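Questions regarding the structure given below will be posed in turn.
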Amino acid sequence: MKKVNNIAVLTSGGDAPGMNAAVRAVVRTGIYHDLNVYGVMYGYRGLLTDDIFPMESKSVANIIQRGGTVLKTARCLEFYEFEGRQKAYENLKKRNIEGLVVIGGDGSFNGAMKFSQEFDIPCIGLPGTIDKDIAGTDFTIGFDTAVNTAVEAIDKIRDTADAHDRLFIIEVMGRDAGYLALHSGIATGAENILIPEHTTTVDDIINDLQANERRKKMVNLIVVAEGHEAGGANGLAKRVKEKCPQLDTKVCILGHIQRGGSPSTMDRILASRMGYAAVDALLEGIHNVMIGIVNDKVAYTPLDKAVKAKQEIDPEWFKIVKILAS
Amino acid sequence: MKKVNNIAVLTSGGDAPGMNAAVRAVVRTGIYHDLNVYGVMYGYRGLLTDDIFPMESKSVANIIQRGGTVLKTARCLEFYEFEGRQKAYENLKKRNIEGLVVIGGDGSFNGAMKFSQEFDIPCIGLPGTIDKDIAGTDFTIGFDTAVNTAVEAIDKIRDTADAHDRLFIIEVMGRDAGYLALHSGIATGAENILIPEHTTTVDDIINDLQANERRKKMVNLIVVAEGHEAGGANGLAKRVKEKCPQLDTKVCILGHIQRGGSPSTMDRILASRMGYAAVDALLEGIHNVMIGIVNDKVAYTPLDKAVKAKQEIDPEWFKIVKILAS
Amino acid sequence: MKKVNNIAVLTSGGDAPGMNAAVRAVVRTGIYHDLNVYGVMYGYRGLLTDDIFPMESKSVANIIQRGGTVLKTARCLEFYEFEGRQKAYENLKKRNIEGLVVIGGDGSFNGAMKFSQEFDIPCIGLPGTIDKDIAGTDFTIGFDTAVNTAVEAIDKIRDTADAHDRLFIIEVMGRDAGYLALHSGIATGAENILIPEHTTTVDDIINDLQANERRKKMVNLIVVAEGHEAGGANGLAKRVKEKCPQLDTKVCILGHIQRGGSPSTMDRILASRMGYAAVDALLEGIHNVMIGIVNDKVAYTPLDKAVKAKQEIDPEWFKIVKILAS
Amino acid sequence: MKKVNNIAVLTSGGDAPGMNAAVRAVVRTGIYHDLNVYGVMYGYRGLLTDDIFPMESKSVANIIQRGGTVLKTARCLEFYEFEGRQKAYENLKKRNIEGLVVIGGDGSFNGAMKFSQEFDIPCIGLPGTIDKDIAGTDFTIGFDTAVNTAVEAIDKIRDTADAHDRLFIIEVMGRDAGYLALHSGIATGAENILIPEHTTTVDDIINDLQANERRKKMVNLIVVAEGHEAGGANGLAKRVKEKCPQLDTKVCILGHIQRGGSPSTMDRILASRMGYAAVDALLEGIHNVMIGIVNDKVAYTPLDKAVKAKQEIDPEWFKIVKILAS
């Protein structure tokens, strides 16, 4: 069955912890199957600039535990032009590369889809994003680490909130997806969570804060997704300060600390499994799919389906948040 | 539908990180539903010694992030005698307690099963064990934290192994279950993993070490489940030293550090969800089941079924270990 | 010599990790010497509102490892009025409290100084601040933890900076003191550090960035003290973006995560030693001093001297920063 | 003044976190002064086997935060023979290396001393050991990280001790030095500490345990230095179990997790400062000394004086331990 001899791997979009574990798995699984595995630096940009190099087993030694990505990543507008993709194709073709593993988010899959439709390079996507907003998989590489980083940070903020009887409004990443906010909020016992996917409004939050104040509950943590229409933590804080000027309100924007750091066990295992499955898929002749894990089994989703849909958040979680934060 | 007015909660068996989050969820969900919630100290022992007290919302403030269990835990041989259980029943009955939530492992469920068969106190089990060896649930409270603790420790050991070109044999907990060893081994890129559920033998490991030595691969980490018949890390090291005396072999037994510590995000969320579901089940009249999460949905398993079976480990993981550690 | 029978302890100003360890040490050392030890809630405010309670050995069990402060802290403008201090005095006097241990920063010592000058309550100050900007001591309680928290965060940001070839401008706390910025910058290999105590200017930084760009060094971390006149990280970023528009520049304001968290070993030991020394001083009749550690020995500084001076930063550190970041 | 053109650096003895930061500082400070800096692999062994290579600024990029040592380390008995040292000399001489920086413990300094007495290669020692048992410096590279690692582990064990009302006997590293045990014991509120430098005996500990049992204090943590004559944790546990059979006694040997891991802020800064000072000393013509930090200033100690003496432990610390653990 196996006809593939040369494959390449790249990381694209925002970096996510576990990307290195995925690269390691692709490289070593490839070598195990006697493939030549090429690394591409700086995502799609490296395809265009011919920043491509052969990788060995040693190239990926001791990286499973590292944050970031040894292959680096970058934006590359040219790849979204046909001429760019053609240049990319030529650089792959001259090395006889017959399969490309793209570790990244939906934007990156979008590019891979276009590329594979135009040229005969099968692409396999691995969902690497801390936002967890990709259809066709229960987990994405990086989410578990990022949410644990956010939780550790919020735990620290709670120490201070408790010491001072304060309200903290904490913004977490996730672009327009609320998973990071939801999970980190539940795990830290946040008094409220504001995410794009749910109907809690700024007015609801202000009502709750006023109710809490009446019953002398002064310590409050509110976790907000950066992409919420209220304008993130600063937007919400502005509204809260207008309506509850007597509260001691502070804002924390966790920011980029959520991207880096040594990946969690779950992300390392997930990335290892997905990287292994990506090579397996190429060998099996399965093309232009994203590797997902659904109910603890490998699942293939066509790259264009991985692009569009989003997971849904069960509304019962909001009931749980309310009850448990009481 | 609701006829329950008073419930109690206890933690039993070895402590596991996330037990406090589960207690918190039981207490607050109970109070939300206008129940009186009693805490029982020291597991079943507190039932016998009448160490039972009413809990309020504040009793569980700021414990979601704490390791250990505020309700403490203990062994209680008397509860495994009929007289002991009768005393327990009387202490519950005099407070009109109509439901008991038991957070613990299979041994604890065993006790709960007997108790509920003899007396009219419905029991709900929550799987709280770092060993993850319970049927009817994909995850147990404490496993994710324990495995991350083990992984952080092994990452540190790898620093030293690399610096010295050494072989480290590392023993992790799990009694006769190999999940902790398997997951921590994969996540740290261990060269070999020795668990009761799999056919890798001590001889296989020695062969691999000798092969690695021939190709000058001197840094080796082997993760062993404490319950492996080789006799844990010390047993394995003895055999290795006999056969490979020239290797610089060190043993680390991670031990009790794997039990404590602030629970991971996943364990906090899992425990919160399960605690919430436990009260829900009692209110719904669902009795004598363990709450599990299967494919991200709440699942009920009769307590006697939760006792016996074990999850299975997919043999493909061992192929992945071999390929990725290469 | 000992005539003291009753003492009180409070935490004041911004919370700092290790305050709980100091409270524990004061309470247990007092009890060991057969004193009654009172806790005062919410800093000086509790003195005025009579929020004062007797503490036992158990009151401080298991808090040495906790961030925040179990005695809470608050601003109290009234204490800076004579009437406020008189009320405070009356509340202490009615319990025959003959000594007050104040854990806080220079503002808090200022208040203690005024108080002890007007009323016969000897005060002992313990330097509890993450800013480390207090004369008379080599270390302050909380600094080591805060700087380690900042370093862990910046390490994560470096992962992302490396992955993307980016410039990150990172703001750390410290008000108008640069210790947190200096230490966290050196420890993370920051390319530049901007602090109020030193002559590096925004123009210097821009020149360096342009020089780095010319030699293709695109990953740059700059750590800025929040109190720098450039206007913190946002102020600096604005200037950098004007002058180096082609750089991919991101801002991170670490904020309140630097205050909380489990104290480091050094902070726990420092706080334990200082709390022990504070009671010792009261028993020895040493009054109105701050306890410091200078060259690893306990040193007393009159409270009014602890207020004014600042430690000096050796300019050689800036040479080291430059050389090592190269 | 400067006549040196070529220097070399190696790490020797047990690895310690911060060694990489020291290597980085030596390399970059050397390059800043236009020196050629050579790295020697595997400590003294690399000198003999000619495993020596030129280093550049990039060779030490992104290692300040890594545990272990990129130069690796090893035992080398041959270097303790004259012939071995002669071979080492020849390999240095053929590269015109005029100065050698040795990062290690007292055993390594011993070797360096002999070497520099016989051959004209000036040596500078940097104290790199988690044991902190070297005269002429207040701190050694690695101690602060190791003690924080031990403290984090013991904090976790306390969670379990509390949950179960247990006695834990915990063994920490340090060979025949008690600093790690003393500091980690104070910082975790250990009930007792057993170290070679102090007069507390096993009988004292048993008496204390019996007294604690009488007053129902069942949670006890005892920290033991591995080099205590009682035979470490296992030796002590044997004696305790004989005398106090009713206690639920568990043993934890923290072991090699104390060596690795990302260095703490203090160790990174210490190592950076010492590496910088080492090159400075060679340029200044200061030879055959260990770089220490005493009262926050660089101090030089002749290598043979760094070998013999040990720091002293103030007995007052034991009084503090007793009082605070009460």
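The first chain written gets the first letter, and so on, giving A, B, C and D; residue counts start at 1 in each chain.
Going forward, a contact is a pair of C-beta atoms (placed from the backbone, for glycine too) under 8 Å apart; a residue touches a chain by one contact, two chains touch by 3 or more.
In this text, all values refer to a predicted model and were calculated from it rather than measured experimentally.
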Quick one: point me to the chain whose Cα centre is farthest from that of chain C.
B
So the centre of each chain is just the mean of its C-alpha atoms; given that, what is the distance between chain B and chain D in Å?
35
Which whole number of Å gives the spacing of the CA centres of chain C and chain D?
28
Among the residues of chain C, which ones contact at least 2 other chains?
155, 158, 162
What's the contact topology between the chains, one of line, ring, star, complete, other?
ring
Under the touch definition given earlier, write down the residues of chain D that touch chain C in their complex.
24-25, 28-29, 31-32, 57, 62, 64-65, 138, 144, 147-148, 151, 155, 158, 162, 183-184, 186-189, 262, 264-266, 268-269, 272-273, 276, 295-296, 320, 323-324, 326
So, in the complex, the side of chain C touching chain A is made of residues 11, 15, 17, 42, 66-69, 72-74, 149, 153, 155-160, 162-165, 168, 250-261
